[in-house]
Amino acid sequence: MLKLTFAAGLLSAGTALAQVPTLTVYAPDYFTSEWGPGPSIEAKFEETCDCDLVFSAGELLPRLVLEGNNTSADVVIGLNTDITKKARELGIFAPHNQDNGLLTLPIDWDDEIFLPFDWSYASFVFDTTKTKPPSSFEELANLPDDIKIVIQDPRSSISGLALVLWVKKIYGKDAGEYWQKLAPKILTVTKGWSEAYGLFTDGEAGGVLSFTTSPAYHIVVEEDNTKQAAIFNEGHYPFFELAAKVKSSQNDALSSMFMKFILSDEFQDLIPMTNWSYPSSQAMEKWPSVFSDLPMPKSTVYFSENEASEITKLAIEEWRNALSQ
Amino acid sequence: MAQRTFSIVANCILLFAVFGPLVVLIFHADQNFTFTTADREALKFTLVQAALSSLLSVLLAWPLALALSRRQFRGRRLLIVALSVPFILPVIVAILGLLSVFGNSGLLNSVLSFFGFRVFSIYGLSGVLLAHIFFNIPLATRAFLLALERRPKELDRLADGLNLNFLIRFWILDWPIVRLIAPQIFSLIFVLCLTSFAVVLTLGGGPKATTLELAIYQSFRFELDFGRASFLAFIQLSIAALTCVLSIIIFGLPLNFNKGLDRPIHRRYLRLGSLFWDFGIIIVMGLFLTIPLISVLIKGVQNFYLLEITIWTPIFNSITLALFSALISTILAMGFMNKWGEVIGTLSIAVSPLIIGAGLFLMIRNFINPFEVTFWVILTVNSIMGLPFAIRIMRPASDEIVSNFRRLSITHGMTPIAWFYWVYLPRLKSALTYSIGLVAALSMGDLGVIVLFGGANFETLPLVIYQLMSAYRIDQAMASAVILVLISIGIFLIFDRIGKTRNA
Amino acid sequence: MLKLNFSFEENYLAISANLSLESDKIYAVMGPSGAGKSTFLNLISGFSEISSGSILWNKQEISDLPPSKRNISILFQDNNLFPHLSVWRNLALAVSHWPKISNDDEDKLHSVISEVGIHGLESRKPSQLSGGQQSRVALARVLLQKNKILLLDEPFSALGPSLKDQMLELIEKIARKRRLLVLMVTHDPADANKIASQTIVVKNNKVHPPLNTKKALDPIKGPLVDYL
C-alpha cells in the first residue's frame, strides 16, 4: 500500500512534467468527495483550461491561517458567509474581479472578494407522513407534542448558526423568549448537519434544520416525495457558499479563469444535482425542474456581514441560555 | 539498560509529538486566556458526566468480566469480540444504533407504548451516560477479563478447596484485580469522556450538555482563535493529568501476582445460584451491547447494494493505516511500561487531534509541507491515539514477566536482546497481538486528524462515511460503516488468533 | 573457600555475617521465618547488594560482580523455568542464547539430562511435567551453568516427602561428584540431617558461623530451640 502511495506520488509528478500549469483549489471534504460537485467541476474545467485542477481537501480557514503566505492554494472554494469577516481580515484574499451583476441571488451582492457559487435557504425539513410542515415559527413551536425537531449547534455548525441569526432577525430582543418557547420541541442539538440529518432520516425526529433544497435529493435519488421543507411566512435566512482568489497565488490568470468559470453555465449546471442547492448565477428557468418546482420562500431576511459579526455572540448566548434551562 | 534507553526514546517521541504541538501552538498564537461562563458550565458538566460515565462503566464491567471469566459457553468468544465493536464504530453510526433501541422511536419505546406506558426520552445526562457506558464497558470488561485470565488458576482452586463464601472470595481473589485494573481503566475512560463531544451534545439533548472540546473546536474552526483553542486544550489536559495522578495517589502502586504456571483453564465447581447470576449478567449486558449493533448491521447489510467499487481504495488505505499505527503504538508502548508511562500515555489522548495536527504542522512546516505527507501525519496522530490502549493492555503482562522472570534471566546472564527474544516477547505475545488487533480496530474507525489534513489524495473509510453523510447518502454510509466494522472485527480476530496459538 | 564478611541494612531487615565456608561441603541454612535466610542467599548471589564488607570466593572479591559472573547458581522457590519454553530450550539457554546450539553444547545437555534422569521429557513444557520432574529440570539447568557454588532457596518445599528425599539424594550425589559448595535453606531439620553435615543459623540479625548439624539441631541446647 505504501508502494501505491509512492506510485501515486510519482504519477502526479509525471503529470507535472507534462508542463501543464496546475491550479490548486482548497475545498472542504464534502465538496471534493466522489458524491460532491468536485470531480465533475474538475473534469469540466480541465476541458477548456489546458491545465491540471487539483483539489486539496480539508479544513479551509484554519489551514490557510497556519500556512500564511506559504500557502499553495490558488483558489479557495466552499467558505461560508459566517466566516467572511474573519477571512477578510486575514488579508490573504484578492478581489475576484467578476461582475456581481451576473449573480441571481435573493439579496444584492456587492462583495469584491468573496464570490457565491451556490446558495440555499435555511429551513426545517419535515417528514410529511408524520406532520404537515408548519408555516411560521409560531406554528413550529406549536406542533403536536409527539413531533420533535433536531437542530445543529451554532457553535460547531454553520447551519446551526444560520438558524440562530434567522431567529434573531425575526424576533430581535425577544429571540431568547422564542427559544424558550421552542425548547420543548427540540429533541436534541447536534455537532453538525450530517448527524442531525441522520437522526431525521432514521425516523428519530419528525423535522430537521436543513435547507429548502434538501427535499430535491430525496425526490431525485430516492423518488421519495414525503420530505418537504417548511416555508415560513416570516421569510427565510439565505445561506451562501463562496469562492475566493488567494492573493499570493502565482497563477493569477488561471485563478481568474476559474472564478469566471464559476459563474458560467457549465459550472452552474452541475450545482443542483451534486451539491443539492440553487445555482448562484443562473435564471430559475434554467434550473432542473425539481428545483424550480420546490416551494420557494416569499421573502428573505438577512444580516449583513458587519451586523452579523456584532450580533452573533449575543444571539448564541441567548440561544444557549434558553436551551440550557 | 537498553530498556531504559528505549523508554527514554519513546517518551521523547511522545513529548515531541503530543505536548510539543500544544506548546508550539500556545506560543505561536496570540494568547487568549479568557474563560467564559459558558466554559465554566461546560467544564462542570464535563466533569460530572466523565466521572459518572467512567464510574458506571467500571462498576458494570466488573460483574460482566467475572461472569465471562468463569463460564464457558458457545458463542463466548464471539460475544467478547462483539463487545469491542461499539468502540470502533463511527460516532454517528453508534448513536443511530443506540437510538434504534433507546430512541424516541426506538425498540424499547415501541414496546413500552404497545403496553400503554408513556414514551420516555433518553436525551439528557442519562443519554450521555448510556452512550458512554455503551462505548466504554467493553473496554473495561476486556481489561478486567485479561487480568482475570492471567490470574493463577491455582488461586481459584485453592478458594474452591477452602469453600470460601462469596464475600471472602471477592476480598481475597477479586479485590486485588479490581484494585489493579479499576483505577487505570477509570482514568482512561474519564479522559475519553472528557474529550468526547459529538456524543455528549447529541444525546445530552442540548447546549447544557457541552464539553470543553466543543469550545476548542469552535475556537479553532470558526473563530480561528488558536490561542484560546490551545489554552482550553491545556486546561483539558490539566484535568486529565489531575485525574490520573489522583487515581495513582488514591490507589497507590498496583499489586501484582507472582506465581503460576501456564496451566490449562481449570473448571471450577459451579454453584447453581452463581450460574443464574452469571448468565443473567451476561444476557442482560450482552443484549444491551449487541442489540444496537445488530440494528446497525441490519441497516447496513440491507444497503450493501449501494456500495460502489470505489470503496476499495479507502478500504486499503484504512487497513494500511490501521496496521501501521497499531504496530507503532504497540512498539512505542513497550517504552511506557511503568506507572508514569501509563499516565503520560493517557494524557496524550487528552489533547484534541485538531490541536496536535495544527501544532505538528507548525513544527514541521519549515522542513516539509505536512499536507503533502498526509499519510505520515495521520499515521503519527493515530499511533498516538492508540498508545494508551496499547500501554494498558500490555503493562500488567509486562510487569508480571519482569517480576516473575527477571531473576531467572539474570542467572542465565541474558543480554537485553536475549531477554527480549527468549522471555519478554514470547511471554508478552498474547498481550502484544491483542494490543495490535485492538489498536488497529480502533484506528480503523478513527476519523481523527484527517478532517484537518484530509483529502482528495488520501481517503480513509471513516472519511468516506463522513462524506457520504454530508451528501445525504446515509444508507450508503451505514453500509460502509458495516464494512468498516466487519474489517475491524476481522483484523481483531486474526491477531487474537495469532496471540492464542502457543509457541511450538 | 567462600569468605563472607559483610553487613546489610534495609527498611525492615538488617543482617551481618562473618564466616568462611569450604568449597565442597553442603551447608543447611536454618532460622526463624523472616530472619533473612533468603536475603542471605540473595546477597551472596548478587540479587541484593551488601551495604558494606566483602564476599571473597577463592580470595577473589565477587560482591561487585553481576549475578551471572559470580560462579554461583541459585534455585528459587518458584519460577526456575520459563513456562513457555520446552525443557530442551530451558536447558539450552544455560549454555547459549543463540537459537541454534553447537554439537558440543548438545552433548553437554544430553549428559546432564541423563545425570538428573529426565530422559524423554525434552520436548515438553514445564506445565506438562510433574513437580519432581520440574525440580530435576531446574537442577539440570543449574548444573549446566558449571558454577561451583549452588544456592537452594527451598526449591523443593512443594514436593511430597519421598520426592523431596529423592531430590536431596540427587543433590548430594551431584555435589560430591562435582565438588560443589551447596547452601540449602530449609525449614525441615530432617533435610539438614539428611545431607548437610554443617548448619548455618540465621537469627537475631546475624548469620552465625556453621555448626555441626547435630549440635545446631540439638533439641535442648541448640540455637534453634525456640524455633523448632
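Order of writing sets the labels: A, B and C. Residues in every chain begin at 1.
The rule we apply is simple: contacts are C-beta pairs under 8 Å (C-beta built on N, C-alpha and C of every residue); 3 or more make two chains touch, one makes a residue touch a chain.
Everything numeric here is computed off the predicted structure, so don't read it as measured data.
**Student:** Please identify the chain lying most centrally, where each chain is represented by the average of its Cα atoms.
**Tutor:** Measuring from the global C-alpha mean, the nearest chain centre belongs to B.
**Student:** For the chain pairs A-B and B-C, which is connected through the larger number of C-beta pairs in contact?
**Tutor:** A-B
**Student:** Can you work out the whole-Å distance between the CA centroids of subunit A and subunit C?
**Tutor:** Roughly 79 Å, centre to centre.
**Student:** Distance-wise, how many Å sit between the C-alpha centres of subunit B and subunit C, to the nearest whole number?
**Tutor:** 46
**Student:** In whole angstrom, what separates the CA-based centres of subunit A and subunit B?
**Tutor:** Using C-alpha averages as centres, the distance is 34 Å.
**Student:** Spell out the residues on subunit C that touch subunit B in their complex, using ranges where they run on.
**Tutor:** 45, 47, 66-69, 73-74, 76, 78-85, 89, 93-94, 97, 125-127, 142, 145
**Student:** Show me the residue ranges of subunit B that touch subunit A in the complex, using the header's touch definition.
**Tutor:** For this pair, the touching residues of subunit B are 38, 41, 91-92, 95-96, 99-100, 103-106, 119, 121, 123, 197-198, 201-208, 214-215, 217-218, 220-224, 226, 308, 310, 316-317, 319-320, 354, 358, 361-362, 365, 369, 371, 375, 451-459, 463-464, 466-474, 477.
**Student:** Inside the complex, what are the residues of subunit A that reach subunit B?
**Tutor:** For this pair, the touching residues of subunit A are 1-2, 4-5, 8, 27, 29-30, 32-36, 38, 54-59, 61-63, 65-67, 70, 72, 82-83, 86, 90, 146, 148, 153, 155-156, 183, 186-195, 197-199, 201-205, 214, 217-218, 221, 276, 317, 319-320, 323-325.
**Student:** Provide the residue numbers of subunit B that touch subunit C in the complex, in ascending order.
**Tutor:** Interface residues on the subunit B side: 258-259, 261-264, 404-405, 407-408, 410-415, 417-418, 421-423, 426-427, 502-503.
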